[in-house]
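Order as written gives the chain letters A, B, C and D; numbering starts at 1 within each chain.
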Amino acid sequence: MTDIKEKIARKVAGFFKPGDVVNLGIGIPTMVGNYIEDGVWLHTENGLVGYGPAPEPGAESEYLTGAGAQFLTAYPGAAAFDSATSFAIVRGGHLTATVLGALEVDEKGNLANWSRPGVIVGMGGAMDLVNGAKDVIIAMEHTARGGKHKILESCSLPLTGVGVVTKIVTELCVIQVTGEGLVLQELSEGVTLDEVLEKTGARLIVSETLR
Amino acid sequence: MNKLVSKSEIMKLFHDNMTLMCGGFANRGNPGKLIDMVVESGAQNLSIISNDAGDPDLTIGRLIRSRQAKKLIASHVGMNPELGQAVLEGRMELELSPQGTLAERIRCGGTGMGGVLIKTGLGTVIEEGKQKIEVNGQSYLLELPLTAEIALVKAHKADALGNLVYKGTQRNFNPLVAMAGKTVIVEAEEIVPIGALDMDEIHTPGVFVSLVWNGEEE
Amino acid sequence: MTDIKEKIARKVAGFFKPGDVVNLGIGIPTMVGNYIEDGVWLHTENGLVGYGPAPEPGAESEYLTGAGAQFLTAYPGAAAFDSATSFAIVRGGHLTATVLGALEVDEKGNLANWSRPGVIVGMGGAMDLVNGAKDVIIAMEHTARGGKHKILESCSLPLTGVGVVTKIVTELCVIQVTGEGLVLQELSEGVTLDEVLEKTGARLIVSETLR
Amino acid sequence: MNKLVSKSEIMKLFHDNMTLMCGGFANRGNPGKLIDMVVESGAQNLSIISNDAGDPDLTIGRLIRSRQAKKLIASHVGMNPELGQAVLEGRMELELSPQGTLAERIRCGGTGMGGVLIKTGLGTVIEEGKQKIEVNGQSYLLELPLTAEIALVKAHKADALGNLVYKGTQRNFNPLVAMAGKTVIVEAEEIVPIGALDMDEIHTPGVFVSLVWNGEEE
């Protein structure tokens, strides 16, 4: 299980190169931080660019925390700022990518990841991130508990953003969201096309390189 | 011009039915002792503007547990199931605003503007009840300013003029909230002499600030 | 002549008390700064609260200048900020007052002070200041060259702001702008009511204290 | 990630018909050497966004004298009679924006918003051609965002990541302009090593900045 999550995180981390500025959501997206190259800069919406891994025990500082209140470290050259500036970075187009989890993603690149029936959580910065970041990468397990589809023809839960997702990375495959629909670009080792099709609730266009 | 006050002077300012705005983010950088004072004041029927609801036993979570808060405007309340429960039971009203939009709405209030046009939330529930405005063929939501009777701010350093410096990720919403309250009250970790802060390191100029408290009982 | 200007500046300076935050325009308004009490804080729109008088020769710093590029000094506790913050102070209602010159002021408190025919200057921060400051005090000579009226029934030049002026201070008198019109509140020593009426192109309500 | 460049690399970026945005205020805090480079480039038909027109022989005044500028968006041009002359003769277009409005329009462009509602200029010529929007019974002008292909910024200190610190009143429009250019070029008085700037003293986070120049010929 951790294996699966790590695999997804490693895959996503490989998309980034030094100089990129990336915001990571909670869950699998957070794990992406463990595998990125040196020089990929991480943005946390509570007001910091340039954070590093968790500090050694005893070295925690209440002045260096993430959006989930977790303790962070900072690389030399890190900059702190207020929440308006933080989202100026996001909305202003300065994020190379955001990596987020999803409850549902659909063929049009719609994303639902902040609200499910009967639970009151709030969208936090997710709606800003999906509208602002150049790439919106969904990093998630391919299906929900019980094998329920998460990649759908059309999202049923309240949306986070309309037509915002650019890429979906799961333990089974990599899917690119295009104007024509979802393009299956890559199968993970040992995964068959049939398995992906079965576990996907949306129409998939199989990339030429896979045919 | 000396804005340093004692706890008792601040205590007088809290009353029923007021709107409070509060800095902090996920239990970090919150003016925790000022929130304690609001709890102690017993003021009822409060409307609160804050990024989040905190944990139930921390920061503004305490005002929800004490049932002093009747309304919350926030972006995220997932760390506080008691808030969710209160909303589901109809005891509290919750208005959700995307985090970046919330930040700009508070800044908008503080800067005396009438609103800002933002794309965030287009095509989602965030559209509900909002005016859509077209600019150069693109749609935006008209997001309205937020202000409060009292703004509660946590700062790392303050001088008696109200000049403030924040530290690291404790900054978050504090400088925005510090612009948008009719009365802006600061809980400072350290009071420094006037002139000790360089004019370039000051994050919030004192002109925005009403009162500064050193966080000590009396 | 300098005497007249100094007199006006002294009069205006007397309206302010420690803790007030005031923005001074060019000309006579600038001279107000020479007579204010200690503890009245001066705001300059290019980004500073807490400036003091001109520096001694040789002590000028290019990092401490006013809106007219003139050299300033700074009191301990002065704060520097960017132009957006500077006008957040103005528009957000944190200025006790602004003191400005005028080409024309009228009975409704309309102000024209930025544009005259055939000269292209621009409003700079004047429009923001008159809409944002709690008190908008016009400090000027009562009439223009040749005795031409400046206080009018209705401004003829392009406006800086509508119904924004709260007080007019000249070498002759102090006029308060009210909902009922212009109220003559104070005559300078040796000045007669008739002289003021003759030199004013607007209806003046004479305050009870002067009758 | 090293954003330090030489003059020749910057020179390549200027071309005819581009929009330039420029920090500085009344000949102070201007990126003067970068403006010299624009003059040297000979790029024609430029649109310029700047608080003012400078003096005729200083800062962007030089681009007006050289007749490279065809349009200026500014709040004040009184120090530059040559600009006034060019406008009266129809050689240049001038759009005046109140100073605080100009600052917010630049910030608005930099923060990816679609506009801001501002009262300043109501009842004046500033209203012309603008949409009026009512919010809670009050009228506001819809002011539109400004962005530019290249933003020219003057900073006191910069590191190779583009983190910037300004000094005193040289700050003015620079941090706003530094957010609103597609390419943001910084003329720094001093280049400091990465890590030399404290995370709390940085005025402009490097993420906004494209290129940093030390102001030396090569």
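The definition used in the following text is that contacts are C-beta pairs under 8 Å (C-beta built on N, C-alpha and C of every residue); 3 or more make two chains touch, one makes a residue touch a chain.
Remember, it's a predicted structure, so these values are computed and weren't measured experimentally.
Trainee: Mind checking the centre-to-centre distance between subunit A and subunit D? Centres are C-alpha means, answer in whole Å.
Mentor: Distance between chain centres: 35 Å.
Trainee: Can you work out the whole-Å distance between the CA centroids of subunit A and subunit B?
Mentor: Centres of subunit A and subunit B (C-alpha means) sit 29 Å apart.
Trainee: Considering subunit C alone, which of its residues make contact with at least two other chains?
Mentor: Within subunit C, residues 48, 74, 80-81, 84, 87, 90-91, 132 contact more than one other chain.
Trainee: Can you pull out the residues of subunit B that are in contact with at least two other chains?
Mentor: Residues 104, 107, 111-113, 118-119, 166-168, 171, 199-200, 203 of subunit B touch two or more partner chains.
Trainee: Given which chains touch which, is the overall layout a line, a ring, a star, complete, or other?
Mentor: Other.
Trainee: Just spell out which pairs of chains touch, all of them.
Mentor: Going through each pair of chains, those in contact are A-B, A-D, B-C, B-D, C-D.
Trainee: For the complex, which residues does subunit A have touching subunit B?
Mentor: Within the complex, subunit A contacts subunit B at residues 44-48, 61-69, 72, 74, 80-84, 86-87, 90-91, 115, 118-128, 131-132, 158-162.
Trainee: Residue numbers of subunit C touching subunit B in their complex, please.
Mentor: Its residues touching subunit B are 18-19, 21, 39, 41, 43, 48-50, 74, 76-81, 84-85, 87-94, 132.
Trainee: Per the contact definition, I'd like the list of subunit B residues that touch subunit A in the complex.
Mentor: Contact set of subunit B toward subunit A: 25-28, 51-52, 74-79, 83-84, 87-88, 94, 96, 98-104, 106-107, 118-126, 156, 166-176, 203.
Trainee: With touch defined as at the start, can you tell me which subunit B residues reach subunit D in the complex?
Mentor: 104, 108, 111-119, 131, 133, 135-136, 138, 140, 142, 144, 165-168, 171, 199-201, 203
Trainee: Considering the complex alone, what residue numbers of subunit D touch subunit A?
Mentor: Within the complex, subunit D contacts subunit A at residues 1, 107, 110-113, 159, 161, 163, 179, 194-195, 197, 199-200, 202, 205-208.
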